[in-house]
Every structure is written in structure tokens, then in C-alpha cells.
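Heads up, the next two complexes both have chain A, just with different partners, chain B and then chain C.
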Partner chain A sequence: MSLSQRQLALLLIAPGLALVAALFLYPLLFSLASAFTDPKGGFSLQAFGKAFELYSGDILFTIVIVVSSCALTALAAIAIAGTLTLGENPWIVGTLRALYRWPLFIPFIVAAQCMRTFLAKNGLMNNSFVSLGLMEPLQAVSYLDWRGIIITFVWKQTPFVALLLAGALAALDRATLEAGRNLGASRLRVLLELALPQVMPTLLVALVLSFVTMLSVLSVPMMVAGSQPTMLTVDMAFRINAYGDYATANALGVITYLISAGAAILYLRHGMAKESAP
Partner chain B sequence: MSRIASLLRASLAGIVLAAFAFALIGPLANLVLWSVAERWYTPYKLPVTYGTRYWEQVFRPTGDAMASLGTSVSIAVLTVVVALALSVPAGYALARLKLPVRALFMIVFLLPQAFPSVAIYINVARIFYNLGINGTVLGVVLVHAAHGLVYSVWIAAAAFAAVDRDLELAARNIGASPLRTFFTVTLPLAAPGVIASGIFVFLESLDEFTGTFFVGVPQVTTLPLLLYNAAMGGNYQVASITALILLVPSVLFMLFIERFLRADVLAKVGA
Partner chain C sequence: MQAETQGVSCAGAAIQVRDLHVAYGGTPVLHGVSLDFAPGTFTALLGSSGCGKTTLLRSLCGFVPVRSGSIVVGDRDVALLPPEKRGMAMVFQSYALWPHMTVLQNIGYGLKLRGTAKTEITAKVASLLAMLGLSGYEERKVTALSGGQRQRVALGRALAVDPGILLLDEPLSNLDAKIRMTMRHEIRAIQQRLGVTAIHVTHDREEAMTMADRLVIMQAGRIAQIGTPEEVYDRPASAFVANFMGAENVLPVHVARSADGTAVSAGAAVARLADHDATALPAGEAVAYFRDDAASLDAPDAAPQGDLLVPGRIAARSYPGGLYRYRVEAAGRQITIDDTARHEPGAAVGLRIPVRRLHIFPATEAATAA
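Moving on, here comes the complex of A and B:
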């Protein structure tokens, strides 16, 4: 018996698909089922009621953290990629190119440990500011709260977004950008009005990926910030480890799916608006 | 006048660049300082006494860190073996064979990375608990492999797609069987890309925290879990040294990745 090419292809890909099905799709269905079931096994929204009652503050906190981290990441990445593409001082461009990629491959948990010490009340950041005379010792405050989470996320994700953005900018037609410069537009204007609109899809893909990543990270909110308020990842771990309360934890899980679906829908709507435009 | 303006501009750019360098390097510098600080307390801005006492403690052959390093590396190696065993055939099928709904299959492998993962892992842990493989190396390896599969499948598919078809046809023309052609022509030519995908999977596994946190505890302590326990226990030195150990492979990878991942392969990733 000889296999057709199609059967052979399906046979070769089947083991990989089976692993994803067993360790992603099945647990996903499991989490949906658990979130929408009451203790007696019937359909109910009871778990969501409890999740909103206990964690509505943290839901809002998570959204604010992730959205503002993405916004700041976008700004920093645009500044870096723009300087790399349109910078005229070779010394500045060279230094920036050598520096900006460093956090890219640093694991989140290592970034969290770095920031845990760096942003503390007596961390290296405050100490440096005091030594430089920028701040009085008594003014030093700890940044290990929502600000710390945002700083860590921006620090870790900016190189990723900047790398993709700089790649897309480098592939643009230089002649258009030069023409803009020759007509007297400042470099900032060329970046914002000529270059950026052309690489918007790349920027949005990178931001959506960062958005989902930030929603998935457990170590940063656990290590960088105190217990309350905190992000939904920490709340889920707490419901499981402290109470074995799978229903509420899975309801919170479904809420994080919905938040990331919101980001994906925004992205897709932008893509469709672009395609339908002339 | 314009000279003063350009001087001002240059010094402003210099200040911005210095602030950027500080924000980038400062946290890492703090990590290095903590790893060699034997005593450091307020109000001192720098460690009071320096030393390698904690390095010796961490690198003692019987220490927790060495055991965790062993666990981490063996889990990462096993994860690479599992991921490549699944992704080499899958990547070949995606790149070379006629496959129905190919785009859908590509997306399926991306899904584990495209969803917020904590909610998935808590349920994987529950399923594994019922199967009796929670807290085992096998459970952790399976979770890491599923998570890393998107890299290994996508990069393997790109590597196979970049192999010149004429070379395969030439081998077939002089009488080689399809299987022999694959092992003597296609696979060796795709090897650099496949190795690169293996390195990606290895690093993902080495750095993975969330999945191990739910599936591995309390028996399996990888380096990230040791780091977490040390940091939460207030032992900043051990936490910082563990973090530095975790940085080594990442930095090496960043320096050498371009050797393995050629531009022609890179251009085909995800296509």
C-alpha cells in the first residue's frame, strides 16, 4: 500500500498537532468549561460574578498597566527606530545600535530581579540620582508598585518592537524620505508623516504580540510589585494555590482571553480598514 | 551663533543618549553589584564589603544551584529532542508536501504563544495531576515542548523551504530513494536552520518560569524557580547570581544567532 503525498503530509504533521491539541486546545476547553459551570455541574455565570466582585479592581489595573506599557513601548520604539533610520550623527546611531538590543533575550524573570533591586527605595537608580545631586536623599521613594511593572515591561519589550520597526523602516524606499527632507520637512516630520504610516502594520503586530506577552507574564508582577492591587496572572495563581478555586481562576482566565481578543480585534479592524481603502 | 546651536544640540543628544544607556545598563549593573556584595545595607550607596562568598556557595557541587542547573539543562535538552522529533517531519510536510489547509496548521502551532498562558497552565497542571505526571520532569518537558513548537516548526519549515529543489531532484535522478534523498541531501542542507530552531527551543525552556511554576512544583526546581524562591526569600545575592547564570546562554545566543539563521531562511519564517 502506498500513501498519497497528502496522506504522508498529514501523517508527518500529526504528532506535532497532537501535542498542541493535548496541551493547549484541551486545557483551553477545560478552562472554558470550568469557568461556566457551577459546583453542581450546570451552566452558570456564578464564577464570573465572584471574579468581578473580588477582582474588578485588578481587572482594571491589568488593563491600565498593559495598555500604558504598550503605549510607552511604542513611543520608545519609534524614537529608537526613527533615530536608527534617520539619524545623521554616526556616533549617536552607532552607540544606539550597539545598546538597544540588550534586553531582547533577557528572560522576564531576570528582568524582574534586576528591577527589584534597581527601582527599590535604596536601589541603584535613586542612589545614582542622589549622587548626581538630582535629588535629596529624603525624596527617594520606591518604584516597586504599578510603576515598577510598567518600567519592567517597557524595558523588556522595547527592543523587540524597535527591532521589528527598524527592520521595516530600513526596507522603505529611501528616495521618498530624502525627497521629504529636500522639500524642507524636519526629520521628526519625515518620520511621523512619511515613514511611520508605511510601517504601521509591523508596529501593530509587534504591539499586539507584546500585549499578549504582558498579559501572560507571572514573574514580573509577583516579584516587582506588592500584593495589592496586582495583575490578573497573580490573582489566578493565588486562587489556585491558596484555595484550589478553579472556577474563579478560570473565569479570570476567560477575562484575560477577552482582553487579548480586544487587542486582536483592534488590530484586525485596522488591517481591514487599510485593505478597503483605495 | 549656529555653532552654539549645534553644540547645544549635540550636548542635548549626548545627555539623552547617556540617560538611555543608564536606563538600559543600570538594572544589569545593580544585578552584578548584588552578586559580589557580601554586605550591603542602607545608607550605603555601594556594597560595604565585596567578595565571592555567595559565588562559592552557589557553585558548591552539592549546592541547590548546581542541582537546579542540572535539572534545567536536562529539561531543556529533552525539550529540544521532543520538539525536533515533532517539528522536523512537520516542517518538511509544511514546506515540501501538498497539505490541505496549510495556513490553518501554521496558526495552530502559533496558538500556545498567542494566548495568555497562565489560564492554560493551571488547567494543564490539573490534567497532569489526574494523570500522575504533575511535578515530574516529563510533565515539564511536555509543557515546554508545546510552548516552543511554534519556533521549531516555523523555522524548520523555513529551512526546508530554502533548500534548492534541484539538488533533491538530482539525487532522485541518479537513483536515490526519497528517504535517502531526505537524509543525505535535504536534511544536511537544512541543518543550520534546524539547529537554530533547536537553540531557540533550548533557551525558551531554560528561561521558562510560568509553566514550570504550575506544573513542576514542588519536585522540579529549575533555575528560574530557584531564582524566584531566592528573591522572595530575600536572598538577593543568590537570586542575582542565578540571574547572571541564566543570562550567559542568552547573551551567547544573541552574539551567534546570525551565524545559524541565514537571511534567506529568516525571510521565509512564517511564510
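Moving on, here comes the complex of A and C:
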């Protein structure tokens, strides 16, 4: 018996396909189904009702945290990638290039632990400010709340976005940037008006990926911030660990998925608008 | 045509470059270049790859830091100013148009930076586009334009800010041959009409000769010769310039001065020169450079009639069109000759070279030529 090309191709990808189906598709579909199932096994939106009743504040909190973290990450990454591309001081550019990627190699949980000691009321940051005379000890406040989560996310994701952005900027035709300087644009205007628009697709991809990553991190909100309000990942873990309530946890999962789908749709719409432009 | 240039006026500025030293890292590239550019002139910087011509242009507009020396535009030294403060507009080899902008936005960007009103920008861009033969292209994306159109837009973008100085960095090298010819004349005509001081970097000899008032030949970070196209072509100052300007055939000769006059000999072939032709020639061992079309083929035993008649043998023949191109082995060298008559490979011939058309330099100098 001889196999046709088509059968051979299917045979080749079969192990990979089986793995994806068993480890990803099956659990995904199972949890989706579970979110829409009542305890008796019938179709129901009961789990969603409960999720909204208990956690609508946390849903909003999650969106605000992730969107503002993305915005701040974008600003920081643009500043770093812009300096790497258009910086003229070799010392600053060299130091920045050597340092900015470090957080990439640090896991979220370690980053969260570092931030706990850094941002606490008597943490390294406040102690440094006090010893520098910038702050009275009584003025010290803890940043271990929503601000701590945002700071950790921005610190952790900025190198990733900056890395992609700096790569895209370096791949630009240098002459397009020089042409701007030549006509009288400052370096900041060259970055904002000439360089960034050309690498916008890369920036958007990096931000969408960061958005989804931040949305799915459990360790940071759990370790850095208090219990209320908190992010959906913590709520999901709580529903499962404390109550074995898989249905509500899965409903929260579907909501998380819809939020990240929203980000993806925004990105796709931007891409399509660009394609259809004359 | 005059009406089309309304609102576009660029009074040319003078530039004085004095003892300019530029280095990349630790490697010196320009070794003390001094050069004047008169207002409204068109100068071509010509030289082989790595001679420093592009570096000179880029240091003029501020993209390459200057180690020492001055660049005086009008009456101020701009050598240490950032690019945006130098008032020079550049046209790049890769066009360097901004792909996310329309033609109008590209050309109008320099004006926008200067705070010009929107209506004024639109009017000025329209008049520039009319001058460049691109009327009605304002809203096109630059990515939808052909190479020639892109280069016109790039030229328009540079001219929009009324620069006193227009820098052209091999602007035609990415265009196909036919459009290149048209653009040569267009750029030259626009430069003359506006009176802008233009500096054009190229490695294309013909392009430089047809566009520029003056050629600056560069060699290894120094100026080898400055002159009009005729001067540089007919009276090259060095073996390098002669060779670079197309006199690629090399013939070792001996120049002897005696009471009878000056004799130039190549092997057994001898030609005598009247004294007034010979005063500039070096005496002794020398090397003669001449172009393919300077010599012709004759019978090996023809009468010299005052020319050098060097015996040789045809090694190869090709037909580039209009005439035959021969590779001739003579005086131990391979020499390329263009001739209208057809000869067979292997035939013994006499290379007839009028002595006036030889560029003769001392043998010691020839050794350093490219």
C-alpha cells in the first residue's frame, strides 16, 4: 500500500495535532462548556451571573490595570527604543543597551517578590528616599496595591516591547530619519512623526502580546497587592481553591478571553484600516 | 515654465570648507580637505568607492561628526551644528521618502516644521509638483509611485524649504538608464533655474560631466583635482585622475629631451614633439595613459606621420555597436582600442596613437594610481 502525499502529510503532523488537541483544545472546550453548564448539567448562564455579581468590580479593575500598564509600557519602550536608535551619546546608548533587557530573564513571580521588598512602606524605595532626605519617614506609604501591580507589569514588559520596537527601528532605512533631521526636525520629532508611524504595526503586536500576558499573570496581583480589589486570575484561583467552583472560575476565564479578544480585534481593525488605505 | 516656479526661490549660498578632517572610529577618512563652493554653482564630487566623497557630503550636512576644520556657510561656521540647524537640503540615494505619508505630506513636511500655514504649504507643494511634472499627485501614497516619480518627490521635498544648498547623494543610481538620463537634465535645469548651490556625489563619470559646472575628483580622502569637466578630462593632473577619467590604457614610455627636440618612445616606436607641446612632459621613464578612442589600428609597417606607431597583435574582438572594440597585445600590455575597420583576431597591427592624446606622468607617480 502506498500513501498519497496528502496522507503522508497528515501522518507527519498527526503527533503534534494530537498533542494540541489533548493538552489545549480539549481542556479549553471542556472549560468553555463548563462555564455554560448548571450543576444539573443543563445549559445555563448561571455561572456568568454569579461572576458578574461577585466580581464586576474586579473585571473593571483588571481592564484598568492592564490598559494603563500597556500605555505606560508603550511610553517607556518608546523612550528606550528611541534612545537606542537616535541617541548620540555613546555612553548612554551603550549602558542602556546593556541594561534594558535584564527584566526579560526574570520570572513574574521573582519580579513580584522583588517589588514586595522594593515598594513596601519600609521598603528599599522609601528607605532610599528617606536616607536621601527627599522624604520624612512618616510620609512613607506602601505602594503594594494597584500601583504596585502596574509598576511590576511595566517593569517586566517594557524590555519585551522595547526589544521588538528597537529591532523594527533599527531595520528602518536610516536615510528616512536623516531626511527629517536634514529638513530641520529635532530628534524627538523624528522619533514621533517619522520613525514611530513606520513601526506602528510592530509596537501594536508587542502591546497586544503584553496585554494578553498581563491578563494571565497570577503571581503579581497575588503577591504585590491586597485581596480587594484584585485581578481576575486571583479570583479564578480563589473560586477553585476555596470552593471547587469550576463553573464560576471558567466563566471568569471566558470573560478574560473576551477581554483579550477585544485587544486582538482592535489590532486587527487597525491592520485592516491600513491595508485598505489608498 | 517660469510661472510654475512661482513661490519657489532658492538663492544659492556659498560654502567654504577649510582643512576638514573626518574619521570613522579611529580610521581617518578625510585628510584636510579645503574646498570652496560659489553660490549657484553645480559641483560634482567624483571618485571611486571609499574615496571619501560621501563622507565629505555627509559631514557638510552634519550626519558625520567633524574632527577638525571648518565649514563656513555664508559667514557662520556650521561644522559643530546639528543637521537640523545647517540649512542644507539633501536628496538621498534611497529617496528616503516617508512611506506613511502622502506626496503632499512628504514635500510639505519641511514647511510644516517651519510653521508655515496649511494653505501656503498646499500652494507651494502644488507649484513644486507642477515644476516636477507631477501635478495632481498630492494625495498619492509615495509607495504607489515609480522610482523616477519617487526621486522627483524627494527632490521636491528638498527644494520645498528654499534651501541655499542642495546636496545630492547619488540620487540617480537606483533609477534605470533611460529615466536616469532624463533626470540628469531635469535636476540640472531646476538647479540653474533656482540658482541653488548644488553638490552632487556620484561615481558615474558621465553623470558628473553632463550635470556639473565643476568636478572635484577625490582619492583616498584627499582632493586629486578640481576643474571644469573639460579641464579634468583633457588635462588630468595625475595618473590617478587620468585613469579615473577613462584613460585606462597604460603604455610604458621613455621621454628623451635633446637638442633636436623631445622624443617619446615606446619600445622601437618613436614620436617627436615640437618643444611647446613637450615642456610639461616629465623626462626619463614615464607611463602614458590614453582612452580607447584615442588610438586607431593601422598596418604594422605604415608611416608614423608624427604619431607613435606601436606594433601589436589582436587578441580579441567584440562589437559593442557602431565600431569594433579590440584587445591588442602591444609593448607587453593588453590595450583596448575602438576602431571602425574590421580586423581578424591574431592579425599583426600597428597601434597609431597621436602623442597629443597621451597623458604622460612620471613612472614613480603612476605606481600610486588606482
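The rule we apply is simple: the second predicted complex is superposed on the first by the 274 of 278 C-alpha atoms of A that agree within 3 Å, B and C clash if a C-alpha of one lies under 4 Å from a C-alpha of the other, contacts with A are read in each partner's own complex, and residues count from 1 in each chain.
The working rule: a residue touches a chain if its C-beta (ideal position, glycine included) is under 8 Å from a C-beta of that chain, and two chains touch if they have at least 3 such contacts.
Quantities reported herein were computed from a predicted structural model and do not represent experimental measurements.
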{"item": "Combined model on chain A: chain C and chain B, fit or clash", "value": "fit"}
{"item": "Contacts of A:107 with chain B and chain C, given as first, second, both or neither", "value": "first"}
{"item": "Dominant contact partner of chain A by residue count, chain C or chain B", "value": "B"}
{"item": "Touched partner set for A:27, first chain B, second chain C, both or neither", "value": "first"}
{"item": "Contacts of A:93 with chain B and chain C, given as first, second, both or neither", "value": "neither"}
{"item": "Touched partner set for A:184, first chain B, second chain C, both or neither", "value": "second"}
{"item": "First (chain B), second (chain C), both or neither touched by A:266", "value": "neither"}
{"item": "Chain B versus chain C as contact partner of A:63, first or second or both or neither", "value": "neither"}
{"item": "Which of chain B and chain C A:176 touches, first, second, both or neither", "value": "second"}
{"item": "First, second, both or neither for A:72, with chain B first and chain C second", "value": "neither"}
{"item": "Superposed model, angle subtended at chain A by chain C and chain B (C-alpha, nearest 10 degrees)", "value": "90"}
{"item": "Smallest separation in angstrom, by C-alpha atoms, between chain B and chain C in the superposition", "value": "12"}
{"item": "Residues of chain A at both interfaces, chain B in one complex, chain C in the other", "value": "none"}
{"item": "List of chain B residues in touch with chain A within their complex", "value": "10, 13, 17, 20-31, 33-34, 42-43, 45-46, 85-87, 89-90, 92-94, 97-100, 105, 108-109, 111-127, 142-143, 145-146, 149, 153, 203, 207, 209-210, 213-214, 224, 227-228, 231-232, 236, 239-240, 243, 246-247, 250-251, 253-254"}
{"item": "Chain A residues within the chain B interface of the complex", "value": "5-6, 8-10, 12-13, 15-17, 19-20, 22-28, 30-31, 34, 89, 92, 95-96, 99-118, 122-125, 127-128, 130-131, 137, 155, 212, 215-219, 222-223, 232-233, 236-237, 240, 246, 249-250, 252-254, 256-257, 259-260"}
{"item": "Interfacial residue positions of chain C with respect to chain A in the complex", "value": "61-63, 82-85, 88-90, 92-94, 96-100, 109-110, 113-114, 139-141, 144, 157-158, 161"}
{"item": "Chain A residues within the chain C interface of the complex", "value": "173, 175-176, 178-186, 189, 193-194, 197-198, 200, 277-278"}
